[in-house]
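Letters are used for the chains, namely A, B, C, D, E and F, taken in the order the chains are written, and counting of residues starts over at 1 for each.
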Amino acid sequence: MIPVKKIEIIIDKHELPNVLKLLDAAGVSGYTVFEDATGKGDRGLRGGDDLTGVFANSYVMSACPIEKLHLIVESLRPVLKQRGGVCLVSDAEWIIH
Amino acid sequence: MDFNLLIGNFFNPPILFFFLGLLAVIVKSDLEIPTPIPKILSLYLLFAIGFKGGVGIAAGGLQTQIVITLAAATAMASLVPLYAFFILRRKLSVADAAAIAATYGSISAVTFITAAAFLEKLNIPYGGYMVAAMALMESPAIIVAVLLYRLRSTDRSAADFSWNELGRDAFFNGSVFLIMGSLVIGILSGEAGARALKPFTYDIFTGVLCFFLLDMGIVAAKRLGDLKKAGVFLTAFGVLLPLINAAVAIPLAYTLGLSHGDAFLFTILCASASYIAVPAAMRLSIPEANPSLYVPMSLAITFPFNIIAGMPLYLAVINRIWS
Amino acid sequence: MDFNLLIGNFFNPPILFFFLGLLAVIVKSDLEIPTPIPKILSLYLLFAIGFKGGVGIAAGGLQTQIVITLAAATAMASLVPLYAFFILRRKLSVADAAAIAATYGSISAVTFITAAAFLEKLNIPYGGYMVAAMALMESPAIIVAVLLYRLRSTDRSAADFSWNELGRDAFFNGSVFLIMGSLVIGILSGEAGARALKPFTYDIFTGVLCFFLLDMGIVAAKRLGDLKKAGVFLTAFGVLLPLINAAVAIPLAYTLGLSHGDAFLFTILCASASYIAVPAAMRLSIPEANPSLYVPMSLAITFPFNIIAGMPLYLAVINRIWS
Amino acid sequence: MIPVKKIEIIIDKHELPNVLKLLDAAGVSGYTVFEDATGKGDRGLRGGDDLTGVFANSYVMSACPIEKLHLIVESLRPVLKQRGGVCLVSDAEWIIH
Amino acid sequence: MDFNLLIGNFFNPPILFFFLGLLAVIVKSDLEIPTPIPKILSLYLLFAIGFKGGVGIAAGGLQTQIVITLAAATAMASLVPLYAFFILRRKLSVADAAAIAATYGSISAVTFITAAAFLEKLNIPYGGYMVAAMALMESPAIIVAVLLYRLRSTDRSAADFSWNELGRDAFFNGSVFLIMGSLVIGILSGEAGARALKPFTYDIFTGVLCFFLLDMGIVAAKRLGDLKKAGVFLTAFGVLLPLINAAVAIPLAYTLGLSHGDAFLFTILCASASYIAVPAAMRLSIPEANPSLYVPMSLAITFPFNIIAGMPLYLAVINRIWS
Amino acid sequence: MIPVKKIEIIIDKHELPNVLKLLDAAGVSGYTVFEDATGKGDRGLRGGDDLTGVFANSYVMSACPIEKLHLIVESLRPVLKQRGGVCLVSDAEWIIH
C-alpha cells in the first residue's frame, strides 16, 4: 500500500473534457468519472433537468502521488475559479497489485 | 374565429400534456421522466422532423422561392439577436444580454413542430423546406451573440477565443448536427427510404411529442422559481420580443410572397426561442452568462406563450393579411 | 373450454415473455433491461391505457350504469384492505399487515391490460370507463391502509402524520397521476386527438408490453428468494386472497348488472395486487413495513397466478353465470 | 486549501428530498448527489430493480466546515435511525478558488 | 449491375446514418446517444429479428432442407474460428488470437438485418429460418475459441476453467438468450401473436435500426484510434477474412442447394463478425485478451466493409453462380 | 462515531459480481455500488461505449472495521492483479445510529 492523494472534482458537465485534458497534461496515471451528478452550490440547484442538459454536473476522482498534487491542483485552479465547481483533496492508500 | 383557433389548438394532446407536466409539479406529484429519456426523445424529434423535411425537399425540388425563404430565415436569425442584445443591455451584463439574445435569435424545434401540427389540423399546406429554414436558423444567432459578447465584454476570458470552437459549437452542436444530417439523409434516401421510415417518423411522432411536452411542462414548472431572479423586465421581454419578432416577420414574409402556411411557420420560427441548442452552446461560449436566466425565460415563458396565445394570434393576423 | 382458455391465454407473446424473463434468471443469463427503461416502459403503459380509457369514455358518455360501476370499484378498493388487514394481523406486525393490505386493495395496471387484451382476443366487448374504474381503485386502498396503520400502531413515527402528505402520496403518486391525467386528456382531446395518437397508444402497445413483462419476469425471479422470508402463510395468502376477492366481486358485478366483459375486468381488478403505485406510497407512508414482503408477493405470486390461472378461471365462472 | 469534513450519506432514495432539506436546514454550503446507487446492508440487497423503484438508494456527499459537522450529524441521526442508511465522515481539504 | 447495387445499397437510411455517426465524431460534434439507449435499441433489434424469424419458421415448417442449412451454419461457425486462430497466431498471443477468432466465427445481427433489408428491397425471398441459423451461429465460435485458448495457453488463469460458466457465457449470454427466446416465442405464438406485434416488430423496425446505426457509427469512429495498436496485419485481416469466409460459404451454399436469398444471408453470416455477444463473452472467458483489438476490428473495419462493399459483392457473385 | 476503513474499488464491470462475492465472503457488513463509471488507466480509456458494453467500469465502496481491512484487501488482490482495476483505502468515521 502506497500513500496517495485522492482528488475529487465536481464541475459543470460541459467542462469535463477540459478538466480531463488538464489532468492528462498534469500526468495523472488515471481517473474515474461519473458523468452525471446533481447537486447544489453557490450557483444554485444543479441537474434534475435532462431536457436542456445545461445544469448537469460531472464528478471526477483521481488518485495521484503526493508529490504530484501541487502541480495538478494549480493546473485546475483557474478553471474552478472561472467556471465554479468544487475540488476536494484527501489522503488514501493505493493497493499495489 | 380567433377564439375557436385558440380553443381548438389548446385541446390537442401534446399541449394538454405540457400542462399536465406543469400540474404535476404544482401538486407536488413525484412524476418524472427519468434521465436520459428526455434526451433521447428530443433526439428522436430532431431526427424525425429533419428526415421529413428532407423528404419534403426531395419531393418539391429547390426553386428560387425556396432559396429566398431560406435567405430570409438566415437574415432574421442574425438580425433578431442584434436588436435583442441592445434592448437587453439596458438592464443586463454583456454576457447575459448576449446569451439571451442568442436564445431568442435561434429557434425552438418543438414550437415549430407544434405549429406544423396545428397547420395540418387546419389543412393548411406548407413546404418541407421550412424545416431547412428552421435548421438554418439555429446557428447564426449563436455566432452573432458570441461576437457581440466578444466585442463588448471587458472580461479576460472573453479574450481566449477560437473561431474553430465557435464554429463547432454553432454548427456541429449535437442537435443542430442531427437535424441537418437527418435532413440531408431525407433528401438522399428518397421515396423508398421515406416509405420504410414512415411508421417511425410520422405515425408514432405525436405520441412521442406528448411525452416530450409532458417533460417540458415538468422542467418548466421546476424552473419557474428562477424567474423571480429574472424579474419583471425579463419576464415581459419573454412575451414582448416574440411579438416584436412576429411583427417584423409577417410583413417580410408577405413582401417575399411566402405562401399562407410557410409565412406562419416563418413567423413562429422568428418568435420562438431555443432551450436546447443555444443553452448548450452558451455554456461553452459564454460561460459567464447565467443559465437560470435564459433557460426559464424560453422554457417557462416564451414557449407556452407561443403555443397557446402566439400561434392562434399570428395565424389570425396572417389569415387577415393573406386573404 | 376452461382448458382451451388457459392454453390460448398462455400462448400469447406478453405472457410468454414474462416466462422468458423468469427463465433468464433461472439459467443465470446476464440478460437485463437497464435502468431507467423499465420506468419509462411503465410510464408508457399508464399513458396509453389512460388515454385509451379517456377516449372510450368520451365515446360512450357517462350513464348511470357507469357511475354505479365506478362507485362499486371504489367501494371494493376500500373494503378489500379492511378484511385483508385483519387476516394478516394474525401473523404480522401492524406495519406489514397494513402495507400488504394496501397492496392487495389496490390494482395492477399490467394485469388489467393483459386481461383487456385477453377479452379482445375473444372478441368480448368491454367499456372504456373500466380504465377509469382502475384509476379510481389505485388510491383508496392506500388511504385505508395508512389509517389502519395509524390507529393500530404504537410506533412513535406513526404519530407524525400529515393528511396532506398522505393525500399526495395516494392521489398524486407519479403513476396514479399519469394515468388519471392521460384519462382526462383522452376525454378532452376527442376524435382528432385519438386518431393522431392511435399508432403510438394502440399499435405498438403489445410490443412494449412484451418488453415490460420480460423485465417483470426478471425482477419477479430475482425477488423469489425473498419469499422464503415471506413463508407459507404469505405465499398462500398471495393465491387465496385474489380468489376471495373474485368470489366477492363476481356476485357484486352480477347484481349490479355489469356486462359480461366489464364484470371480468372488475373481477381482475379486485383480484390483482399493486407492485408499483402502492409500494412507492408505502415506502413514504409506512416506512417500517418491509418491502421485501409485499413486493415479491404481488410480483412473484399474485401477478403470475392471475394472468395464468386466474383469468381463465374467473372468465369461465362469469361465462357460466352470465349465460 | 482549508480543512473540511466530508460527509457521505447513503439512504433510501425516497428519503433523499428529506435528507437534502435537513442539510439545507443545517446550513451546508452545498452538496453533490448520485440519485441511484445499489448496494447491500442490514436491510438486505438494494437496487437492481428499476421496476418497482422501491429498492433504490441515493448517495449524498457534502463537504462542510469542521465546526458545523456536529450540528449536521445530529440533524441526520434520527432519519438514519428510523429509515436505515449509512453516514460516513472523513477529513479532506477544500481547494479555495 | 454491381455498381447500381452498391449505390442503391449505400443510399438507404440505416447505412447513411452509420456514416452520419462517423461524421459526427470526425467534425467533433458532441452528438451522442446516451447510455443505456444503445443497449435497449440492440435488445429491441434482437427481440424483433428473433420474433420475426420464429413467425417465419412457424409459417414455413421445418423441412430437411432447413435442417441441412442450420447444420451447415453451425459447422461454419465452428470451422471459421479454427482457421482464423491459426492465421492470427502468426502475430498474436494465444489469448488475442482466440478472442479475435471467436469474434469472426460468430456473427453480427445488425449486418444480417441490413442484408435482409437489402434483399427485401430487391424483392429476393429468403427463409425465416435463416434467423435461426444466425442464432445458432452465435455460440459455437465462443466455445471453440475458449477451448483453443485453454489448450494452447500457458497462462495460469487459463487453468481455472468451468464448463458450466463457459456454457452459460456462450448460450445464455444476454443477447444470445434474447434472440433465441424471441425466436421460440415467435414460433409458439403463431398468427394472432404475430399480427398483434407487427407494428412493433416490423413497422418501426427500420427507424430504430437507423438510430442504432447512428450510434454504431459514433462508437466505431471513437474506436478507430485503437486500430493504430491493431496495425496493418489486423486491419488487413478485418477485410480479408470476410472474403475468405465468403469464398468458403458460397460454394458450400451452392452444393447444399440453398435458395438464392438464403445463400446470400448464409454468406453474410459467415463473413460478419460479432461486436456484442462475443466481446461480452470474451471479457468473461478470456479476460487476458485485449478488447481494444477485437472490438474496433469488427466494428470499425469488418462491419462497414461488409455493408458497403461486401453485400453487393457477395450478391453479385451469387447472382452469377445461381443464374 | 466509530473509526472504519473505507475501501474503494474500481473494476471492470464484468468482474463486479465476482468482487461482490469476495466482499461478502470476507464478511463486510455491506457495500454501495455505482454500476457504471467511465475512466482512464493503464488499460486505456474506458466506458463511453454502451454499445458493446465491453469497456464499462463499476465502482464499489465498502466501509469496514479496521481489523477486517487486511483480510478483505488480500482477498481482492488476486482479482486486481489479474483483471486490472484500482483499490483505494482511506480512514473514515461511521455514524452509529
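Here is the rule we use: contacts are C-beta pairs under 8 Å (C-beta built on N, C-alpha and C of every residue); 3 or more make two chains touch, one makes a residue touch a chain.
Here the structure is a predicted model, which means the values were calculated and not measured.
Enquirer: Would you mind checking the shortest number of contact hops between chain A and chain F?
Expert: Contact-graph shortest path, chain A to chain F, evaluates to 1.
Enquirer: Quickly list, by label, the chains bordering both chain B and chain C.
Expert: E
Enquirer: Go ahead and note the Å separation of the Cα centroids belonging to chain D and chain E.
Expert: Distance between chain centres: 46 Å.
Enquirer: Could you grab the centroid distance between chain A and chain E? Build each centroid from C-alpha atoms only and quote it in angstrom.
Expert: Taking the mean C-alpha position of each chain, the two centres sit 39 Å apart.
Enquirer: So the centre of each chain is just the mean of its C-alpha atoms; given that, what is the distance between chain A and chain D in Å?
Expert: 19
Enquirer: For chain C, what residues touch not just one other chain but two or more?
Expert: 33, 35-37, 39, 199, 203-204, 280
Enquirer: Enumerate the residues of chain A that touch no fewer than two other chains.
Expert: 34, 90-91, in rising order.
Enquirer: For each chain, which other chains does it touch, given as pairs?
Expert: Once each pair is checked, the touching ones are A-B, A-D, A-F, B-C, B-E, C-D, C-E, D-F, E-F.
Enquirer: Sort out for me which residues of chain D touch chain C in the complex.
Expert: 12, 14, 36, 44, 48-55, 82-83
Enquirer: Report the residues of chain B in contact with chain E in the complex, numbered from low to high.
Expert: 35-36, 39-40, 43-44, 47, 51, 168, 172-175, 177-178, 181-182, 185, 188-190, 192-193, 196-197, 199-201, 203-204, 280
Enquirer: How about chain B: which of its residues touch chain C in the complex?
Expert: Result: residues 11-13, 16-17, 20, 23-24, 27-35, 37, 117, 121, 199, 203-204, 206-208, 210-211 of chain B touch chain C.
Enquirer: Which positions of chain A touch chain D when the two form their complex?
Expert: Touching chain D from chain A are residues 8, 10, 34, 37-42, 47, 57, 59, 73, 76-77, 80-81, 86-91.
Enquirer: Applying the document's contact rule, which stretches of chain C touch chain D when the two form their complex?
Expert: 33, 35-39, 42, 157, 215-216, 219, 222-223, 226, 275-276, 279-280, 283-284, 287, 291-292, 295, 299
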